[in-house]
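When the chains are written out, they are named A, B and C in that same order, and each has its own residue count from 1.
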């Protein structure tokens, strides 16, 4: 187990190094210098600025500096907002995004599972069709459109929820719902098909032949096995929630990391784009690792040491 | 002897896209206490459906029992609800399935899979059930049962898993055990071990067994009586001796002639039965086997043959036993083994249908 | 019951009769078509798709307006007989712009799907067919790319390479083909050891012939489904990018940019956002249900 995690961590660091390197060089070849958008600066001031940010050094020195800083969890200053560092932005924005994301994940998993299980148990009956129409709709309506609809009808027209900002729990409901809608639909479909597949397995027949009731069979034999593919979806789910938060935070005016990221893109604030990209990548890679470990724990057939599925 | 199971005119059909498939078309048989009945037939002959219907394990819908009775200890189980069946399944009637690789839950410990039935039917505490699970594992010949009880199915070999399946099936001392091709998916050497084990346990526990198979060789080993099924009907039924040494139905002849045997010393070719079983969405008129039957009579294509009784225990459903039918010679492979059995009636008697 | 004696003549087998297939045999695609047609939701999606494509082609010509001409005297008009979907903040006709946007969305979806198909089939086909070290190397490469978070990469590329239709399609396909490659490789791996492929090899068929005649046709089903499901995800990505300001540049109209423009005015002029939003959702919906329907129709194991 420890050996497996160690190996996975090593791979993670390797991928991270790749991502940092790629972002660094992407940003260097990106059109325009960070200061070009502002009015023409006197050459000596520009030189000073360049020196201040280390831009006068050769590229390999800049690259080395950057790697070293990232390793020390220092993403450097923001180009646009001189007084703020990227770390400040992350420290300030991420907790907000984290709460929102967690709420969305809980909604997506809970409702997705319920819908999927109901649909499978009532296969080809109206409950199944209803659940699947909800799921198809959830997949078809992008989160940012869901967000605007929710905002317009429930907040602006009916006034049930606050329109924007992030203060009380009520403020979190609509953005979390919007963020959760697509992954919830995915989980519902995944759970349904996985449940149907499991329910057609011989061991369900064995359980039935033992005289167990439908309820016990569903809970003890079917759901546990049906959950396995859902667990593997948790990695992509985190990615979806993360990228979804960019637009949702923008729509609801939430001061999270996602909206900072979008602003930094509009401003071409390169250090922020780089830093946040690297930060997001770390979160994603870590969550994928966690999911894999969790999978190994709930599926006895998988030996973590090998890391491969054994049938 | 006490009759434990009586199946009368059972009819089962499945609704599919292509129409309704009549998988079982009027099957009747009975089973005594401690007896082993083998049901033999090709794939699609309705043998598995028949056996699963006895436990009402066929999915309904699309499956449907369209007629007949299943009397278990004199009690008809056809009208029983799923809830009522739970008290019979596992406790009174148990089942072993064909593929031990897929019939155990991969994420549940073997021990717990055995315990489930014990806790449900015998109100055992978890500890007592676990104790019993260890005993059962050792009973079915699994070494180190204390350790094995905590393992998962993937840590067992195929033969071991089938032993564990038997332990699950026998956990609550059922009166009837249905074994649906329990050895088909296993290696030949393991097959023999499993058959030995089943015979051994049967004598210890006095369970009746319905043994579903397509392998006549296995039948000779385990069964007291044999029912041969074709296209959803029983075409011949009798004791093992009657089926092996005095078969009357041309389909049984075909099965026997196509069975490889060691004493086939004269380099004789195995006689395959030509063609394929009929489509049961539209069962053919007359005898379902007629089209593939070398010995088919003109009437076989028009009228379904009635059941004839050849001895107290021997029945066959073929027009060849009609007094007007021509005398035909069974294939050589069958002819060689035919013996005169003392119990045979002078002439076959038409079985009156009691409708 | 009395039966005449001549009925008891021996007549023997009638195999030909028994083997007669009672139902007419259907070609694979005909069978697929029949199954697809039974799926009401999928048929609805197909009709919807037909309407959307029809409108994308003819919609912009149905009004006297064009999508880029500003008319500042008529800005932010609500829907009326004059402007069916209203006008935007520069007085442009939302109806015309919506169908202009449909063209772009469907074009992006189709282009992404076709490029994914081309690279994916080539990469996956070669990888699966050659096997061994080639396969190992090609799939490791795909794995590394696949590990990079998709939207982050697309965003990064849009920032670096600048906005535009070409960049957007490039950004989408740079990792999009991997999925297709994996599916094709899986298919080829399982198919190439089938007896009929071995038979073809024994008969002296060369690699390209085996690929073209045996492997690709038999992998058609999953390839087709993957393609149909790539289109909605490309349409979504375009809308998403445009919505965070990384999409097409004005005056080009895409559903994403229209929604982005409409967002600040949601409270007062909701139609500016709602029309493109509804059509994004409808299009993605239509492609999704058609793709699902195709998958169910192509995979007879799911036939219930």
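Please note the rule applied: a contact is a pair of C-beta atoms (placed from the backbone, for glycine too) under 8 Å apart; a residue touches a chain by one contact, two chains touch by 3 or more.
Molecules present, by chain and UniProt name: A, C = Oligopeptide transport system permease protein; B = Oligopeptide transport system ATP-binding protein.
Quick caveat, the model's predicted, so the values are computed rather than measured.
Undergrad: When I count C-beta pairs in contact, which pair ends up with more: A-B or B-C?
TA: It is A-B, judged by the count of C-beta pairs in contact.
Undergrad: With centres defined by CA atoms only, which chain is the most remote from chain A?
TA: Greatest centre separation from chain A goes to chain B.
Undergrad: Name the most central chain, where centre means the mean of Cα atoms.
TA: Smallest centre-to-centre distance to the global C-alpha mean: chain C.
Undergrad: With chain centres defined as C-alpha means, what is the inter-centre distance between chain A and chain C in Å?
TA: 24
Undergrad: How big is the gap, in whole Å, between where the Cα atoms of chain A centre and where those of chain B centre?
TA: Chain centroid spacing, chain A to chain B, equals 55 Å.
Undergrad: Please compute the C-alpha centroid of chain B, do the same for chain C, then give the distance between them in whole Å.
TA: Their C-alpha centroids are separated by 49 Å.
Undergrad: For the complex, give me every residue of chain B touching chain A.
TA: 55, 57, 82-83, 85-91, 94-95, 97, 99, 102-108, 113, 116-117, 120-121, 152, 154, 165, 168-169, 171
Undergrad: So in the complex, the part of chain B that touches chain C is made up of which residues?
TA: 17-18, 274-276, 278-279, 281-282, 284, 290-303, 319, 322, 324-326, 328
Undergrad: Show which residues of chain C lie in contact with chain B when the two form their complex.
TA: 3, 5-15, 17-19, 22-23, 303
Undergrad: Taking the complex as given, what residues does chain A use to touch chain B?
TA: 201-203, 205-214, 216, 220-221, 224-225, 228, 298-301, 310-311
Undergrad: Chain C touches which residues of chain A in the complex?
TA: By the definition above, chain A touches chain C via 15, 18-19, 22-23, 26-27, 29-31, 124, 133, 136-137, 139-142, 144-145, 148-149, 151-152, 156, 239, 242-243, 246-247, 250-251, 262, 265-266, 268, 273, 277, 280-281, 284-285.
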